[in-house]
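Reviewing the structure listed below.
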Amino acid sequence: MTPHRFLLGKPWIWSFAATVIVWIITVLFTGGASSFGLSQAALTFAAFSVIVGIGQMFVITLGPGNIDLSVPATMTLSGTLALKLMDVQDGMILVGLLASIGIGLIVGLGNYVLIKLLRIPPIIATLSMSFIIQSVAIWSNRGLRIKPPEMLANFTTSDLFGIPNVALVAFLLSVLAWVLLEKSIYGRWISAIGQSMFAARMASIPVDGTRLVTYMLCAVLAALCGYLLASFSGGAALNMGSEYLLLSIAVVVIGGTAVAGGNSNIPGIWGASLFLFLVVSMLNTYGFGAGFRLILTGLIIIVVILLAGGRQSFR
Amino acid sequence: MTEVLKRDEVVAARGVRVTFGAVKALDGADLVIHSGECVGLVGHNGAGKSTIVNVINGGLTPHEGTITYGGQDERGISAARANGVRCVFQELSLCPNLTVTENARIMHPDLKGWNWRSGALALVEAHLQEIFPGHSIDGDSTVDDLSIAERQMVEIAISFAGTDKKPKLVILDEPTSSLDAGLAAQLMAYIRKFVSEGGSVLLISHILGEILSTSDRIVVMKDGRVTADRAAGEFSTRSLVEAMGNVVREQEWARAAATKTGEPVLSMPPRRGHGLAFEAYRGEMIGLAGLGGHGQTEALLDLYLDRNSNWWPTRRREIAFVAGDRSLNGTFPLWSILKNLSVASLGQLSTNRMVDRMREETLGESWKKRIEIRTPDMDNRILSLSGGNQQKVLFARALATTADIVLMDDPMRGVDIGTKQEVYDILRSEAANGRTFIWYSTEMDEIRLCDRVYVFREGAIMEELIGEDITEKNILAASFSEGAAA
Amino acid sequence: LCSPTLADTSSKKIALSNNYAGNSWRQAMLTSWDTITKEAVSKGVVAAADPFTTAENQATEQAAQIQNMILQGYDAIVVNAASPTALNGAIKEACDAGITVVSFDGIVTEPCAWRIAVDFKRMGESQLEYLATKLPNGGNLLEIRGLAGVSVDDEIHAGIQAGVEKNPQFKIVGSVNGDWAQDVAQRAVAGILPSLPDIAAVVTQGGDGYGAAQAFAAAKRPTPTIVMGNREDELLWWKEQKDKDGYETMSVSIAPGVSTLAFWVAQQILDGKDVKKDLVVPFLRIDQDNLEENLKNTQKGGVANVEYSLEDAQKVIAAAQ
Amino acid sequence: MKISSGTIRLLIPAASLALLLAAVFYMQPRAMSYNGLNLLFNLAVPIALATIAQMLIMSVNDLDLSMGTFVSFCACVAATMLQTSPMLGILIFVGAIAAYAAIGVVIHVRELPSIVVTLGMSFVWGGLAVLLLPSPGGTAPAWARWVMTAKPPLVPMAIVASIVIAGVTHFIVMRSSFGVLMRGVGGNNRSVQRAGWSVIGVRAGTYALAGFFAILSGIALVGLTTSADANIALRYTLLSIAGVILGGGQFVGGKVSPIGAVIGALTLTLAGSFLSFMRISPDWQIGAQGAILIVVLALRLALNRLEKREKSL
């Protein structure tokens, strides 16, 4: 197998290549001194995008129009409620986690009920849902920042052999997601549904059940990410998920998952998450103003896509 | 031969070679079409027919060989169109979201000006009327709202239409596969008329009767090469089948001795509140007949969807479906052939809901052999298969399941005659083992193979025919409304 | 409160047009509005004081909201604007319909409206002034900015820049956008920190100091002097550091209760008082010595706040004359 | 008389708009006047234009995630360059249209997903807007202000503008040859190609046209707000998509309707007003916006059902 063929088959290779290049350029600024610190920071923050990205990827795999815009609101609600419930007590960590997962399950169910019962495009159903969730978050504790339990805060901010714990969690989840996607029946089903919902139905795939599970999975991952992020940053804020709306979509598509559905890949999410964090760091490091920073970020994304593109697997 | 040579050469492809990776789709094929003749093109699935069509209409550049239009060496879609070459592809080539008129606009770039709509409408209606007299297609209706047969008719009419200059060569790739017998006959009659007026037609079909009766000359392809090219009169059905590399089998078809034994495995009350109820028994082969688009597909869909949960995976599959409109509801285009084949049987191929690749591959290999899917590797993309071979994969998908009942929605579209005979045998033996088949077909020959036939008219079941009563005459009689008789 | 002059506004209706509710500052602002206006309505000072918030922080949505308020027949609109200029069209429509418009915090430039402004530029400068006294030798600064393209960000930034020019011993070695959110600030600071030299102080815009502190701790770098933004978690963190090793800094922000000042100003204008178009409110600054006191008065997880009474408003109005 | 399925698809959004309007009139009779209608709908005009632009992109099966930032950028240009040196402003707009056409070509030639490319472009437009207007400001060109605040007799400007936009784009998209090709590419790109058309050309043209309408949206917005900022129209991205869907358009298959899109934009704007008139507790105001979107779409479903029943009778 020639290297060229290898690249053809792996759309995610480009996001990793870009990541390495950007990393090198950034580290060069300090003559290499920043390499460890930068890598650690990148892994930490990439971890959060990876967790929401995986959920979003499952949803996007379901085919055109499938996208979950309620991710940021779910993160916020899960973060606020879990922290409020735990109320700085170490003994409540597990309860908080379960509450988060419960919130994810409910949100996912709500999303799919809207999509199914009202036959509205997922993009709009989840957008509407996100407004409602946001209101619940506001109503439940009015934006007050409650601190996470000490133990949980320590866990999310420390590392194991230099690798941040959150990155380890994200890695574990990625492996699980990979197995689910590549090896399980469920993975085949979502891919089939993404290519043709009707054909999937005629191949006796329980289409609605599978889609429901997928939306729930996405919301649970978002909730989990909210739980971790709130603990990591020392408290939940009402706007803490807003960045992850575009980010969760961007890491999926830049990572090489087909936007038209049916074809997805997990390594790409890591590549894209690291890449997006490092691009901003690089431009910050070199002291670009906000305007140029935005323009360059955009251009770099397009260049990476141009290099990687032109494959059918990308569509 | 000499008098043929004197005529103008419309298109000539010589020594054409096309390869897709390891597959030699065309391996030095020659095809010359003169004005004023209808050339029939036959061959097994994957013989290269569609590929040579794509070369002639400029969509595919051959890796070797020459292609000339009226003696000139030119390349590309526009060159082909400029030389009067039109093509009706078997897969729907209309834009489903546009109206019939708008589709005509797209197919005829020279329909210009402010008033192109009325021009296009007049053009389509005139040709529809000429080719399919008595049709009921409205030029302003959206293609989506038309049945498959109507779409096919529209596409054919648009292709034969010409604004300033008439088309010189019209290529028809399996044009009758979704038309019922009446419409097919109308089309064949029109082809004869078109040819007699100096046009030429390249007709591809797996229905040999059509080819023999309509063509002036028949070209037989096999494995990317032309193996025979003779006047139609020199062929008979038997010699044609033999030229295609198949052995003609005697139609020894034993109907199941007793039908309707035991409890019905499947039943459905009368549709639309009138007509007969539907019942199927173990081991039966039931045909759904009638004119195209009279509710047979809907009946199949109802039967299927009723017994198939959309929310939970069914533990034991009791019903499977073979789609006819494969690009719309059959294949998963991003997947390999193997994944397409195994998708309905994943339950039995997995432990703990994880798919076992080994078992999956074994299943793929066995079905590849059993119905001869022509591909070097089951891991190739499904779209690399010829149309007929894709259809075989869909068949294998349903038969590989453990389902007791198999619903088939005109499943033999575009399947070559050799394969058909093999599939019939498989169906028969599966039925003998207790499987029930419910089979909608537009081909009379296939309907005659069934144990029992329900004839549909206007969405309801109007007649039940059993055993020897299943004749073309009886079916046709039941297909047309008694209103005409009464 | 029940002076006879107030009787004139008892039939008047006031609306609050708010463009964002997604952080603790805005929530505190809405709560303050709620407490003060509920009381005013129950005492018959005004007939109604309804708050409205848009779903998304967008000028266009807020403009539509203001146009709806015109239709609803409010007599005065108190607005915290998403943009100083983009609402001008809608505000002009309101003025033309005879409605009193009072803007605060996010003020508008339309001349027909009143403005209760905080001198954000001054707020930026004051940070440098404080740093100059605390760190006479100067040093490297990291600047955390707000949301790009928003005027408050630009003004505070201009103040900080002016301060740096006046105190050339300071040098801004890095600048990131923290969007006034802890987690965004933390993310941005963590990304740039490995490549920065030693940082003496972090100048901020509010709502982002704690995130910066977290990022320094995660990178295991010595904690610089981080200017805080009056949030409870920031003050708490400051208090912890102070108790531990005498950590010193300052905290500055606009008090969310300024919405109540705007309410009273609107009421006074409706009452026929002559009020200058431009009013200034001081920002709320917390220093080393009054930290504990402020912390005590701040709601858990909230923002240090001051609510205004009618008398406070009258004082501000008089000061401007 | 036979009603085409396209007309039926249009009736549903129109009916939901009418119902919502009736509810608004019921709650706020003051809205039932020349001025009232203008106040209700004038901010819908730029949204309608952006929705049309999005609809054009969706007609060729693509999606533009940079719509909001691009309209913001155009608003910034309109409030600065176009006002101070019109020639330069026009030149920038021509450049922006060319950029849109180029994006269309790149997406087609390299077979890229439009979502990613436009996501990247959204950063670029946003950056350019921030460079142009680091802090809100600028002034609307006098003529833009004049057009948007004009008071035609009998019918308010907002309604006139909506009807003109719907009419013009209906002609371009549904009646003209280019519109047929555009929707043809969305419906079955291969068949357009096989008929000898240049699909690249069609895509480039579609994108350029979308860019043009987005520019109009930016100018109209500035005409209403009198000045601009770099974030002024960010929410147009989602709004425009929602508007197309509400108006009966679909993500794939080239099924779009310009009149529906304009109606969708009006409905979305009206839904916001409806909420203001309901006086909900601030905690739940945001949630209510979600609820109203759901209700409007549920209405669409109910009407859809009704229509189906009629069809089957």
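To keep things simple, chains are lettered A, B, C and D as they appear, and every chain counts its residues starting from 1.
Convention: a residue touches a chain if its C-beta (ideal position, glycine included) is under 8 Å from a C-beta of that chain, and two chains touch if they have at least 3 such contacts.
Note that the structure is predicted; figures quoted are calculated from it, not measured.
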Between chain pairs B-D and C-D, which one is joined by a greater number of C-beta pairs in contact?
C-D
What whole-Å value do you get for the distance between chain B and chain D if each is reduced to the mean of its CA atoms?
42
Find the geometric centre of each of chain B and chain C from their Cα atoms only, then give the gap between the two centres in Å, rounded to an integer.
71
What whole-number Å value describes the gap between the mean CA coordinates of chain C and chain D?
34
Cα centroid separation, chain A vs chain D, in Å, comes to 29
Multi-chain contacts only, two chains or more: what residues does chain A have there?
131, 134, 138, 142, 258, 289-291, 294
For chain C, give me the residues that contact two or more of the other chains.
21, 55, 148-149
Can you tell me which residues of chain B touch two or more of the remaining chains?
none
Using the contact rule from the top, write out all pairs of chains that touch.
A-B, A-C, A-D, B-D, C-D
So, in the complex, the side of chain A touching chain B is made of residues 179, 183-186, 188, 191-192, 195-196, 198-209, 212, 258, 262-263, 313
Give every residue of chain C touching chain D within the complex, in rising order.
18, 21, 30, 34, 50-53, 55-56, 58-61, 63-65, 67-73, 83-90, 92-93, 109-110, 147-151, 153-155
Chain C partner contacts - residues on chain A that touch it in the complex
26-27, 29-30, 33-38, 40-42, 44-45, 131, 134, 138, 141-147, 157, 229, 233-235, 237-240, 242-243, 277-278, 280-281, 284-285, 287, 289-291, 294
Along chain B, where are the residues that touch chain D in the complex?
57, 59, 77-78, 81, 87, 89, 92-99, 102-103, 105-109, 112, 116-117, 138, 140-142, 144-145
Give the list of chain B residues in touch with chain A in this complex.
304-305, 308-314, 317, 319-321, 323, 328-335, 339, 343-344, 346-347, 350, 353-355, 397, 401
